[in-house]
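What follows is a set of structures to go through.
Heads up, the next two complexes both have subunit A, just with different partners, subunit B and then subunit C.
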Partner chain A sequence: MKHRGLFYLQLGFTLLVSAFLIVPVVLSIMAGLTVNYFIGIESGLTLKWVFEVWNGYRDTIFLSIGLSLACLVVTLVLGVPTAYVLAKRQNALTRAIEELLVMPVAVPGLATALALIVTYGSLSGFRTSWGFILVGHVLFTLPFMVRSVLAVLSAIDLKTLEEGAASLGAGFWPRFRDIVLPNCRAGILAGSLMVVTLSMGEFNMTWLLHTPFTKTLPVGLADAYASLRLEVGSAYTLVFFLMIMPLLLALQAFAKPRPAKFVAEETDQ
Partner chain B sequence: MRHEVRRLILLLLPAGIFFAAFFLLPMARLFFIGGSGKTGWAAYAAILTDMHYFSSLVSTLGVATATTVATLIISGIAGVFLQRHKFPGNGALVAMLTFPLAFPGVVIGFMVIMLAGRQGLIGQVTQALTGEKLVFAYTMAGLFMGYVYFSIPRTILTVMAAAEKLDPKLEEAARSLGASPWRVALDVIIPGLKPAFISAGAICFATAVGAFGTAFTLAAKINVLPMVIYTEFTLSANIAMAAALSFVLGIVTWLVLAIARTAAGSTVAAAG
Partner chain C sequence: MTEASKPLAIALENCAKTFADGTKALEPLDFAIEAGETVVFLGPSGCGKTTTLRIIAGLEEPDAGGRVLFDGEDVTHLPIEQRNVGMVFQSYALFPNMTVAGNIGYGLRIRKTPDAAVKARVAEMLGMMQITKLADRRIDQLSGGQRQRVALARAIAVRPRALLLDEPLTALDAKLRDTLRLDIDKLLRSLGITAIYVTHDQAEAMALGDRIVVMEHGRVAQIGKPREIYQRPATRFVAEFIGTMNRLTGTTKDGVFACSAGSLPWAGAPATATEILFRPEDIRVAESGEVTGLQGTVAAAFFLGDRTRLFVEVGEARPLVIESTARRDFSHGEAVRLAIDPRGLLVL
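Then we have the complex of A and B:
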């Protein structure tokens, strides 16, 4: 009987934690759809604030989508070959390379952004373009693509597969295209979702890298929180939720079968 | 063989060039600019010698430590519970607890304002109950709340993954030998989850030390290092000091993660 009590105690605690995380989300969604949040929901529901956001901040939404897709392309081009090399050769050097690649995630975005500004800030054509933000986003998201692809490549017997194909006369590019890429599809997909989600929400770096003409969605959010009424900030947040929700759901659905696969891999070692 | 090595190098080249040009070189430059200000290389010591910077270092480390401890306790209890007991609604709870995973710091700051801000829920409830409005979003307590909010989702995921691998037989054995639930948790579950706690804790700590968005949304007056760096850079145009401080900050967060990785085994991955 005592154990039942413990169960309900833990359940109550977990519910409380969930409420802590979800209540502000619900409040913010409500505020974004209420005529006057101060008066409350009695003042009526409206889409006025959402339209205001759309009219004032539409550009930030498009820029963020474009940036995250560009970031995806670059991390694919840079990250997949890197992951392949790291999977092929597992020695002190490749471990050091992996460690280095993760540094932009470990180091605060503020530091990376300052470093980029002091080095390239004087190239005004580059400084004022969205390419400047893209560079920061690629640095920050590349490790996630590399790790995700590397995890899948390490779990399969790449060597045997490649040797088999090579013994049948397949050169490097056919092998890479027909053996390596299809085998790391799962890793590429998971990595891609991660890269797009992270790029869409990146703020620490972007706040310093952006210019008045290159405002991303999170930059616009910070603007709106600071200068506009609570309802507009909330409506803007609502738009952000709507944009990342599908990505998050896909990530969650996709991440589920993974543990089983990697447990087997880890007990092998 | 040599042909293959050349090919592997060629495959690494694009990422290598990008990384060298946009990370290694800028970081090196940041390091030298840090020593090029009025005080020279002493700027790197200023974080310890200058009372203003030192006090913000102390409060940054303080709020990061508090965040780490609180997050580990909260996520440890909830994560093990959700992994151990499968009941209807379990999946929904996990989904709710991991939903804020991808929120940027600015949105986290806004969530804190929704709860503890001037028009926040806590203020309304306390006003109704006691007649006095409790508003703490724009202080260090609000920042702490934001960082805990930010860290719970990823920590719960780590704890749940680790709890799944714990051997339930060990707990059964302890229980059959007469151990109370409290002793089982203390002697079996917590030691088993230690690597997960170390890695998740290090990520919490490093994020809380280096994060900027949440503090920026809440108030410019919160005295933590990232805010100080930002003010030095924009308002005081003291680029050398900002560079030195952010370089030191980067070393601190990188070291914390590297030490945790050695302590907990190779499974520790840094996460934004």
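Then we have the complex of A and C:
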């Protein structure tokens, strides 16, 4: 009987915590769908706000998606080879590089953004392009790609695997393509998930780096909350959800590790 | 067997290896391996045997001045991927991103072999290693013994000029080691391939090697056929590293070796011998009535079925080890008289 009491106590607590997290999400979504938030749900449901957001802020959504995908491409091209070199050559220099790479995560985004503006702000063509924001995002997300690929590469015996491939006649590029890349797939996918998510949601650096023509989704969201009706801001959140969730779910599904199976000693005979 | 390439003769000339941190892994070594021969490099860890193998493979380059010759051709600076040698690693080095068949066929696909030929060769290898059932398994679904069979099949599939094996059985349990040792022996004989095998296990070395190279501290201690190495060890290190060696200390005078266990008539005794060595099979417990000058007391006796292993105390630092086939029990503390076959006596 005592156990039963404990069970309900735990269940109640879990539900309470879940509610604490989920209720604001539901309320926010509902706020974006009600005619007048201050009157409440009695005022009726509408898609008006969602369309308003779609018409007014569509570009920020596409820019954010484009930006995060561009960021992903750059971090893949830079990050995977970097992680490979760091995994292969363990010395004082590579360890220093590994630490330095994390600096943009530790330094406040505002400081990084200011440094970029002070240094490159006068290159007006660059300053006003989305490439300027991309540089900031790459600085911020690169360590996440390098770290997750490096973690996977350090866990496998990369050196021996490569030696095995070389003994079978594979030169550097075939080895990299057939052995290194497929075996750090899990790290690349996990890193990609982080990079896309972080780039998509990055606010404090982007807020300084953006121009009126290069507004990303989170910057637009801040705009909407600050200058428009609460319903519009909430509808914006809803649109954000609808755009991001399928992307993240797809990446997550890719990144699932395959289960290992039981092994018994047997040969044909 | 359809192994087209003819076996390779390998020569090492003045090959030494000093690592970046200054460690001298290998002293200058000159050594020739004949075509089709199986040579085993044997020694404790850190003796330079794996470094030698890696120099032959092309995974390490010897220090300046050293040369590696394949059939007389200088391959010293040729990387492993251009040497066409098959290699089997202690940790197998199988590719986790490929199936068993994918692993075995990889070297052929790298060589741009047509798909049908790859398929046929993979099937042949699977059959040869008796792992046909495992063709579509992933590597993490295999046991250690299965992995080693796949590693062997993968190394042989490309018809290499030589097969290099780096402690291939060390990661396996004893029973599996015996089975696979037999399989590897059969394989090497049937392929007729030049094979270089590195191990720290003297039983493996004796069973597989046409010749054994015993190494110690980066130097060759002795090169010879298994029987020579066992019966005529060149140094104390070789004598004690391979098999069990008994030792008696004493003095020689007028063809008689005298020690604390008694005296031993030895016609050919070198006058200066103060220590004699012999194998457990060259000493036995004397029959009653037999004349012998040696005796000791039984310190321990282990009945092994076909024989009894006796440890006999004779006043030396270590008791003598005797393999007795006598059909009788030995009890702790029992006094036994001992007979030694003088033909087995060594002085080093």
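One rule holds in what follows: the second predicted complex is superposed on the first by the 227 of 269 C-alpha atoms of A that agree within 3 Å, B and C clash if a C-alpha of one lies under 4 Å from a C-alpha of the other, contacts with A are read in each partner's own complex, and residues count from 1 in each chain.
Criterion: a residue touches a chain if its C-beta (ideal position, glycine included) is under 8 Å from a C-beta of that chain, and two chains touch if they have at least 3 such contacts.
This is a predicted model, so every value here is computed, not measured.
Residue contacts after overlaying the shared chain place A:93 against neither subunit B nor subunit C.
Of the two partner chains, subunit B is the only one touched by A:221; subunit C is not. Of the two partner chains placed by superposition, only subunit C is touched by A:156; subunit B is not. After superposition on the shared chain, subunit A has more residues touched by B, the comparison being subunit B against subunit C. Using the contact criterion defined above for the overlaid structures, shared-chain residue A:179 touches subunit C, although it does not reach subunit B. Contacts of A:207 after superposition on the shared chain: subunit B is touched, whereas subunit C is not.
By the document's definition of touching, neither partner reaches A:39: not subunit B, not subunit C.
Contacts of A:168 after superposition on the shared chain: subunit C is touched, whereas subunit B is not.
Legend: residue contacts after superposition of the two complexes on their common chain; A:20 is shown touching subunit B, with no touch to subunit C. Subunit A uses residues 263 to touch subunit B in one structure and subunit C in the other. If you check the complex, the residues on subunit A that touch subunit C are 156-157, 160-161, 163-171, 174, 178-179, 182-183, 185, 258, 260-261, 263-269. Note for the complex: subunit A touches subunit B at residues 3, 6-7, 10-11, 13-15, 17-18, 20-25, 27-28, 31, 37-38, 77-79, 81-82, 84-85, 88-89, 97, 100-112, 114-116, 118-120, 135, 138-140, 142-143, 147, 172, 197-198, 200-204, 207-208, 218, 221-222, 225-226, 230, 233-234, 237, 240, 244, 247-248, 252, 259, 263.
Listed in rising order, the residues of subunit B touching subunit A in the complex are 7-8, 11-12, 14-15, 18-19, 22-27, 29-30, 33, 74, 77-78, 81-82, 85, 93, 95-107, 109-115, 119, 121, 149, 152-153, 161, 164-165, 181, 206, 209-213, 216-217, 226, 229-230, 233, 239, 242-243, 246-247, 249-250, 253-254, 257-258, 269-272. Put simply, subunit C touches subunit A in their complex at residues 57, 59, 79-82, 84-87, 89, 91, 93-97, 106-107, 110-111, 129-134, 138, 140-146, 149, 154-155, 158, 164, 176.
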